[in-house]
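Have a look at the structure below before the remarks.
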Amino acid sequence: MAYFSKHYHAPGTAPGTLVSTDSDHKMSIHLMDYSGDHVEEQRLATAEECQDYLERDSKTWIQVNGPVDANTLRALGDMFDLHDLALEDVLNSGQRPKMELYDDQVFLIAAMPMFDGDRLEVVQVSLFAGPGYLICLCPLEEDPFEPVRKRIRQPNNRRFTSRGIDYLLYAMLDLITDSAFPVLETFGDKLEEMEIDLLEHPRKQTLTALHHLKRELLMLRRVLWPQREALTTLMRMENSLIHQDILIYFRDCQDHSIQIIELLESFRDMATSMLDIYLSSISQKTNDTMRVLTIIATIFIPLTFIVGVYGMNFEHPESPWAMPELGWYYGYPMVWGLIIAVTAGLIWFFKRRHWM
Amino acid sequence: MAYFSKHYHAPGTAPGTLVSTDSDHKMSIHLMDYSGDHVEEQRLATAEECQDYLERDSKTWIQVNGPVDANTLRALGDMFDLHDLALEDVLNSGQRPKMELYDDQVFLIAAMPMFDGDRLEVVQVSLFAGPGYLICLCPLEEDPFEPVRKRIRQPNNRRFTSRGIDYLLYAMLDLITDSAFPVLETFGDKLEEMEIDLLEHPRKQTLTALHHLKRELLMLRRVLWPQREALTTLMRMENSLIHQDILIYFRDCQDHSIQIIELLESFRDMATSMLDIYLSSISQKTNDTMRVLTIIATIFIPLTFIVGVYGMNFEHPESPWAMPELGWYYGYPMVWGLIIAVTAGLIWFFKRRHWM
Amino acid sequence: MAYFSKHYHAPGTAPGTLVSTDSDHKMSIHLMDYSGDHVEEQRLATAEECQDYLERDSKTWIQVNGPVDANTLRALGDMFDLHDLALEDVLNSGQRPKMELYDDQVFLIAAMPMFDGDRLEVVQVSLFAGPGYLICLCPLEEDPFEPVRKRIRQPNNRRFTSRGIDYLLYAMLDLITDSAFPVLETFGDKLEEMEIDLLEHPRKQTLTALHHLKRELLMLRRVLWPQREALTTLMRMENSLIHQDILIYFRDCQDHSIQIIELLESFRDMATSMLDIYLSSISQKTNDTMRVLTIIATIFIPLTFIVGVYGMNFEHPESPWAMPELGWYYGYPMVWGLIIAVTAGLIWFFKRRHWM
Amino acid sequence: MAYFSKHYHAPGTAPGTLVSTDSDHKMSIHLMDYSGDHVEEQRLATAEECQDYLERDSKTWIQVNGPVDANTLRALGDMFDLHDLALEDVLNSGQRPKMELYDDQVFLIAAMPMFDGDRLEVVQVSLFAGPGYLICLCPLEEDPFEPVRKRIRQPNNRRFTSRGIDYLLYAMLDLITDSAFPVLETFGDKLEEMEIDLLEHPRKQTLTALHHLKRELLMLRRVLWPQREALTTLMRMENSLIHQDILIYFRDCQDHSIQIIELLESFRDMATSMLDIYLSSISQKTNDTMRVLTIIATIFIPLTFIVGVYGMNFEHPESPWAMPELGWYYGYPMVWGLIIAVTAGLIWFFKRRHWM
Amino acid sequence: MAYFSKHYHAPGTAPGTLVSTDSDHKMSIHLMDYSGDHVEEQRLATAEECQDYLERDSKTWIQVNGPVDANTLRALGDMFDLHDLALEDVLNSGQRPKMELYDDQVFLIAAMPMFDGDRLEVVQVSLFAGPGYLICLCPLEEDPFEPVRKRIRQPNNRRFTSRGIDYLLYAMLDLITDSAFPVLETFGDKLEEMEIDLLEHPRKQTLTALHHLKRELLMLRRVLWPQREALTTLMRMENSLIHQDILIYFRDCQDHSIQIIELLESFRDMATSMLDIYLSSISQKTNDTMRVLTIIATIFIPLTFIVGVYGMNFEHPESPWAMPELGWYYGYPMVWGLIIAVTAGLIWFFKRRHWM
C-alpha cells in the first residue's frame, strides 16, 4: 500500500473527464431482480440490457465487477442520470469514502479492506442507490457480494426480498464494514507476535515489521474515518430512501464502524508504545553487553598491568632497587596472590553494584 | 486480554443469526419478583416458566448466568419481543458497550472489569429493561449481582422494593460501574511498585510488566469510554422508563464513570512517562558502566604501555642508546614513580570532571 | 499523593451508606451568623444547636472542621434536608469536584491543594448553600477559612455583611481557588531548579524529583479540571441563589481557575520536555565519556602493540631475520620516534574530527 | 521555505498602506471576456483599459501575473471598489488563506503549493469575484491558470462559457486545490525512499532530509488548513454569487481539500514515526558495534593476560616456586591448551547469549 | 521569563485590594483629545486634570505610562466608574488577557510581547474604553503607542480623527497584536540557526538554547491564546461601542492574531522535533566514536596477543615443545606475516560491514 495511492487528473482538467484505467482484468455485469417471491438473475453483455427491468416494480441490483470501461460508465450515467463528478470518482480510484445526495439518488464511495496475500489492500466500491435500483461498481474480478446474493436466492426469504432497496443497501454496506473485522483480527495476531519478539529478542526485522504495520494501520484509518462519517450522513439525511424501521440496521452497521475505528486507534497506540519498548530493549541489551565488556576489561586490564611490571628487564648488578621481587623465593606465588586479591576485590565491587 | 477479542460472524451473514458459544460452564436462570413488602425468588429450568410473573403488577428480574444457549435466548426474545440484532449482540461477546432504545424497551450492553487471578478480564453484561421487567444476561457462572439481591431481600427495605424497574436498573449499573474501582486500585498499587523498581533497579521484567499494564489500561479504556457515553444517552433519552427522582442516582453513577475514566487516563499518562523514565534510567546505567570502564581503561592502558616499554629487549653492547634506563641504579623505582604520577594525574582529571 | 486515593464502598453497597473514617483528629463545629452590622460567632457542641439561628433572617455559616462523624452528618442532613448521595460523598474523600443542584440548594465538592511539608495534598471541601445558610465541611483540624471570617468581623464591612449567601459562597470558593497559586509558585521554583540541574549536572535524583513533580502536576490537574467545570455549571444554573451583580465576582474566580489550569498545563509540557532534555544530556555525557575512552585507547593500544613487538624473544644465532632491530645502534630511539609519530598522527586525526 | 515568511509593516502602521515589493520579474495584465459563444482575449498595458468590458453583460476575467505594483493595485481598487485592507493583503505576501465578504464582492487569498526545483514554494493567489468580473493576482511571471483559459477557448464549450462567474471561480479554486496533489505525490515518493534508507542504512543525510520534509509538511499544513476553512466559509455564505447547482462542484473541490489535509497529516505521522525508527536503528547499530568489540575484547584480553604471565622474569636459582611452568617439558603446549580452552569457553558463552 | 510570573494577593484577601508595586520607574500621564480637525495633547500631573475634556464631544485618550500608583488608579476609578476587580487586575501584573464588559464600558487586558535585549518579556497593557474616552495603562516608561499618536497628529487625517473611540481601540489592539510579528521573526531566525547547529555540530549549548526557546514559545502561547479569545469576545459582544463598519478592521486584527498563534504552534512543533534530532545526532556521534574504538581495538588487541605469545619465556634445554618458533630461521618475519594477515582480514571484515 503506497503512501500516495490516488489517481487524479492533471490540475485544471475539466470535471467529469472519464479515462478508463488499463487493466488485464475483465469487466462483467451481473443483474439481479427480485420482489417478494420472485428472484431473477442474468449476466449482461452491455449496460443497456438492463433497461427492461427498470420499468418493473421490482428491485434491480446491477453489479459491475472488474475495471469498468468509460463507455459502459457513460451508458449507465445516461440511463440513470448519474452526475458527471460521481462518474469521474468511480474511475479515479483512491477516493476518500463519501456520501453524496443528488435529488432522490444516493451516491456512496466505500472502502473495503482485504488482504491480498500478506499485503493489505483497500478496494474502492462505488454505490448508486435510487428508487427501485442499486448499482454497485467494484474493481475486483470476483464478486465480493456473493454472500448477499445467496441470502436473496434463499427460498421464502421474504424478510429480505419484500423489503426495499434500503435493506439491500444496508446488506452491502454491512458486508463492506464487517470485512474490516478479519483484517483487524490478523493485525491483532501480528501485534501479539511482535510484542513477544520485541520483549524477548529485539531484532531489526521486528522493527521493520512493526513500522509496516503502523503504516498500514494509518492508511486504513485514513479511509475508515470518512467511511464512518459517510454512514452517519447517510442515516441523518432527510430523504425517503431509507425507511424508519431499517434505520436500526444502519445503526448497528455504524456501531461496528465505530468499534473498528476504536480498535484501530488502540492498535496504533500499542504499535507506538512498542516502538518505545524496542528502543528500551535495545538500550537494555547495549547495557548488558557493556557490562560484560566492563567486567572483563576491568578485571583483566589491571592484571595485565601487574604481569607487565614483572616482564620488565631492569637489571643492575649492584642495585638493590633493580626489581628485587624477581629474585625473591616466593616472588611468583606472591604475584599470583596479588592477582587473586585484585580479582576478588573487583568481583566484590561488581556484586555490590549488582552488575554480576 | 487479547488485542482482538470480539466474536463476529463472517461478513455478509444475515443479521440476527444466533450461534451458541461452546463452553464447559452451565447456564442457570434465576427469577426475583418483588413489590412493596413482597419478595419472591425462584430458579427456573426454562425461560418460559417466568410467564406467570409477567402479568402481575410486581417487578420481575430475570437473571441468566453462564453461557446462554441460543434456544433460551430465542424463547426470551419471543416472550419479551426483543430485537434480533440485540439478541445477536448478546451472544457475540466483545461488543462495544451501548444503549439502544426499542419503543418502551431499553437494551444495554455494559462491560464489567474484574481480575481473574492476575489477568484482567472484561465481562459483557447484557440488560433488557421494560415496564415491569429486567432481564440480565451475564456469562459468568457465579452471579455478580448477589449484593443487589441481598438489598432487596432485606426486610422492610421499601426504599428499594417500592421503587420501579428504573431503580433496579440503576442498582445494577452502579454495581457494574463501581466494579472498576477495585481494578483501578490494583492498577494504582502496581504502578506505585513499578515506579520504585524503575527508578532504583530498572530491569527487563519491569519493562514487560509496564507494557502489559499499559495494554490493559488501553483495553479497559476502550470499553469504559463508550460505557460512559451509553449512560449519558440513557439519562437523556425521552422515555417514561426512568423517573425524574431516580435521575439523580444515575447522575451519581455517571459521575463515578467519569472519575474512573479520568483515573484511567492519568494512569496511562504515568505509564507512558514511566517508559521514558526506564529509558533514561537505562541510559544512566550505561553511562555509569561506561564511566567505570573508561576510568579503569584510561588509568591502566597507559601504565601497561609504560611497563611494556621496559619489557623490550633492545641490546647493543656498545650503544649508549640501547635502553640505558634498564641499567640505572634507580631505574625501577623511577618507573614506579612515573606510574604513580600518571595515575595521580588521571585521578585528578577524573575528579575535575566529576567522574569519580 | 497516591495514584489511587479515593475512598469507596464495596461495589453493590446501597447509596447513602455513611461510615465515619477513623482519625486521631478532632471535629469542631463553628457557627457564624451575620447581617448588616450584626455579627455573632459561637462554637457548637452538636449540630442541633444551630437550629435557633436558622429561623432568623440573617446569614448563617456553619463550619465543620476535622473529620466529621456519621451522626453529626446525619443530623445536619435531617435539619437541612441534604440528599443521601451528597452526604455519602462528604465522607468518601477523594471525590471528583462537582456541583449538584437540589431544588433551592447547591451542593459543591471542591479541592483545595496545599503543601503538607514537602508533600502535595488535596483537601476535599464540601459546601452546601441554601437560602440563608452555608454549611462547609473541611477535614483539616485548623480552619483554612479564617481570612474570610476576619473580613466579616471587620467593623463597618457592610460591603460583605449586607450581601447575601452568594457573596459568602464566592469568598470561600475564591479562597479555595486561589490557594492553588502558592502551590504553583512552588512548582515553578522547583522546575526552575531542576532545569538548571538537568542542563548542567544530570543526575538520577533530578530524574526522580522530576518524575514526582510530573505525577503531582497530573494529580492536581485531575481535580482542578472538574473544579473549573463545576464553577462554570454553578454560574450557568438557572437558580435564584446567585444574584446578577455577584456573578462578576464568580467570573473573576473562574478566570483564576482557568489561569491555574493553563499554568498547570504549561508546567506539564515543560516537565515532559525536561525528561527529553535529561535523556539528551545523559546521551551527551555518555558520548563525552566514550570519546575520552576512545582517544586514550586508540592512542595507547597501538603503542602497546609496538612495544610488545620488541618484547618478543626471537633468537637465532645465524639468522639475519631474527629481530635485527634489537641489535641496532639507534634501535631504541627509533622505536620512541615511531611511538611519537603514531601519537602525533592520532592526535591530528582526533583534532580534525573535533574530538579534542 | 523559511520558518517565518510573512511580509508585514512595522506595528502601528496605518491599515491599507501599499508598498510595492522589489522584484526583477515583470508584471503583465491579461483580460479574457466571454459569454456563450463569444470569447475575447487581450493583453492590457494599464489596469484602466478593462473599463470597456465591465459595462457589458459578459464575464470578464482580469489576470495580473508577476509582482503587481502599488499604482496598478490602487487603480484596480478604485475601479472595482476593493477594500483597503484587501489591497494591503495582496501586497504583503505570506498571508493566511482566507475568505472575506464585502457586500456583493468576495475576496479570497489562496495558497498554491509547487516545487521550484527541489524546494517547496507556496504561491499566494489573490482573487476578487463580483457580479460579472473576476480579478486574479498571482506573483508568478508565467500564468498557472492557462489550463482554465484553454477550456474556455475550446469551441462550443458552452458548458463553461454560458455559466456564471461562480463556475470560473470554481475552476480556478479547483486548479489551486488540485495543485497540491503532485506535491503530495512527490512527498509520498520521498517518504518511501527515506523509509528504505532508514531501515537499511541509517545515515545522517537521511535524518537531515527527513527533518526538512517534516518542516515542509508542517509549513504546507499551516496554509492548507485555513484554505479548507475559507472554502467552507465560501460555500456557506448567504450570497447570491454562487448558484445552487454550482455548489456541488465546490463541494467536490472541498472534498479534495479535506483529502489533501488527511494525506498531509498521515505523512506527518509517518515522518515522526520514522524519526523514532532512525533512533532505534542507530541504537541497534551501536549495539552491533558494541557486540563485536565486546566479543573481541572479552576473548583477547584474558589471553593477553595469560601470555603476559609467562613473560614475567621471576628467577631464583633454588626456589621451586619461581615460575616452574617455564621449565616444564610440555609447558608451552599447555599454555596453548589453556588459550584454546578459554577461547572455546567464551565462544560457548557468547553463543548461549545469542551474541554470535 | 519565569515559569510563574503572576502577582497575586494571599488567598482570602478581599477583592479590589490595591497595592502599588515598588519600582524605580516613574509614572507619567499623557492626554490626547481629538475630533475632526482638532487635536490637542497635554502632560497631566494628576489624573483629575482630565476632567475638563470629558464633558466635550471629542475623543479623549488618557495614557498612563510606567508603574501606576494606587492613588492615581483609585482616582481614575472614581472618575470613570471603573470596577474594583478591574483595578485590582491592572496592578496585579501577569494576568491572563481577557475582555470584560461593564454596562457601556469595555475592560481589556492585553499582552504585548517584546524583546528586552535577548530576553523575551510580555508587557501587560490594560485598556478601558467607554463612550468618548479610552484609558490605557502600560507599565513601560516609554510609550509604545507613539506610532498611533503620530497618525492622529498627521494633518488632515480625518480618516482617523473623525472616527469614534472604536477605531482608536482598534489601532491600539492592532499595534499590540502586530508587535508579536518581530518577536516571531526573531524566533524563526533562531530556529533556523539552531537547526543548522543541531544537524552539523550537536552541542550542549544548542540544547540549552533550544530548551529556552521552547519555554519562551510556551509562555508566549499561554498569553496569546486567551488574547485571541478576548478579541473574539470583543467582536461578538452586543454593545453599541463598536460600529458595524469598524468591525472589518477588528476582523483583520483577529486574523493576524490567529496567524501568530499558528506560527507559534508550528514553531513549537519544530522545536520538539529538533530535540529528537539532537538526540539522534548524539546517538549517531556516539556510534561513530564507538566504531573508531572498535576498529582500533579489534585490530590491535589480537595483534598484542600475538606478540605477547612470543614474549613468553618458556625454556627447556631438551624439549622440542618449548617455543620452537623462537629459534626458527624465519620466525620473526613469519610473525609479521601473521600480523599483516590478521590486520588485512579484519579490515576486509570492517569494509564488508561498511564500518570503514
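Order of writing sets the labels: A, B, C, D and E. Residues in every chain begin at 1.
The definition used in the following text is that a residue touches a chain if its C-beta (ideal position, glycine included) is under 8 Å from a C-beta of that chain, and two chains touch if they have at least 3 such contacts.
This is a predicted model, so every value here is computed, not measured.
Is the contact between subunit D and subunit E built from the same residue numbers on each copy (over half shared) or from different ones (under half shared)?
different
So how far apart, in whole Å, are subunit B and subunit E when each is placed at the average of its C-alpha atoms?
Comparing mean C-alpha positions, subunit E is 40 Å from subunit B.
Centroid from C-alpha atoms only, then distance subunit A to subunit B, rounded to Å. What do you get?
About 25 Å, centre to centre.
Which residues does subunit D have that touch at least 2 chains other than itself?
276, 279, 283, 286, 290, 293, 297, 301, 304, 308, 311-313, 323
State the ordered list of ring chains, commencing at subunit C and continuing via subunit E.
Following the touches around from subunit C to subunit E and onward: C, E, D, A, B.
In the complex formed with subunit E, which residues of subunit D make contact?
2-4, 6, 8-15, 83, 85, 95-96, 98, 100, 102, 201-202, 204, 207-208, 211, 214-215, 218-219, 221-222, 225-226, 272, 275-276, 278-279, 282-283, 285-286, 289-290, 292-293, 296-297, 300-301, 303-304, 307-308, 310-313, 323, 325-333, 335
State the interface residues of subunit D toward subunit A in the complex, per the touch definition above.
For this pair, the touching residues of subunit D are 145-148, 151, 160, 171, 174-175, 178-179, 181-182, 184-185, 187-189, 191-192, 195, 199, 248-249, 251-252, 255, 258-259, 262-263, 266-267, 269-270, 273-274, 276-277, 279-281, 283-284, 286-287, 290-291, 293-294, 297-298, 301-302, 304-305, 308-309, 311-316, 318-319, 321-323, 354-355.
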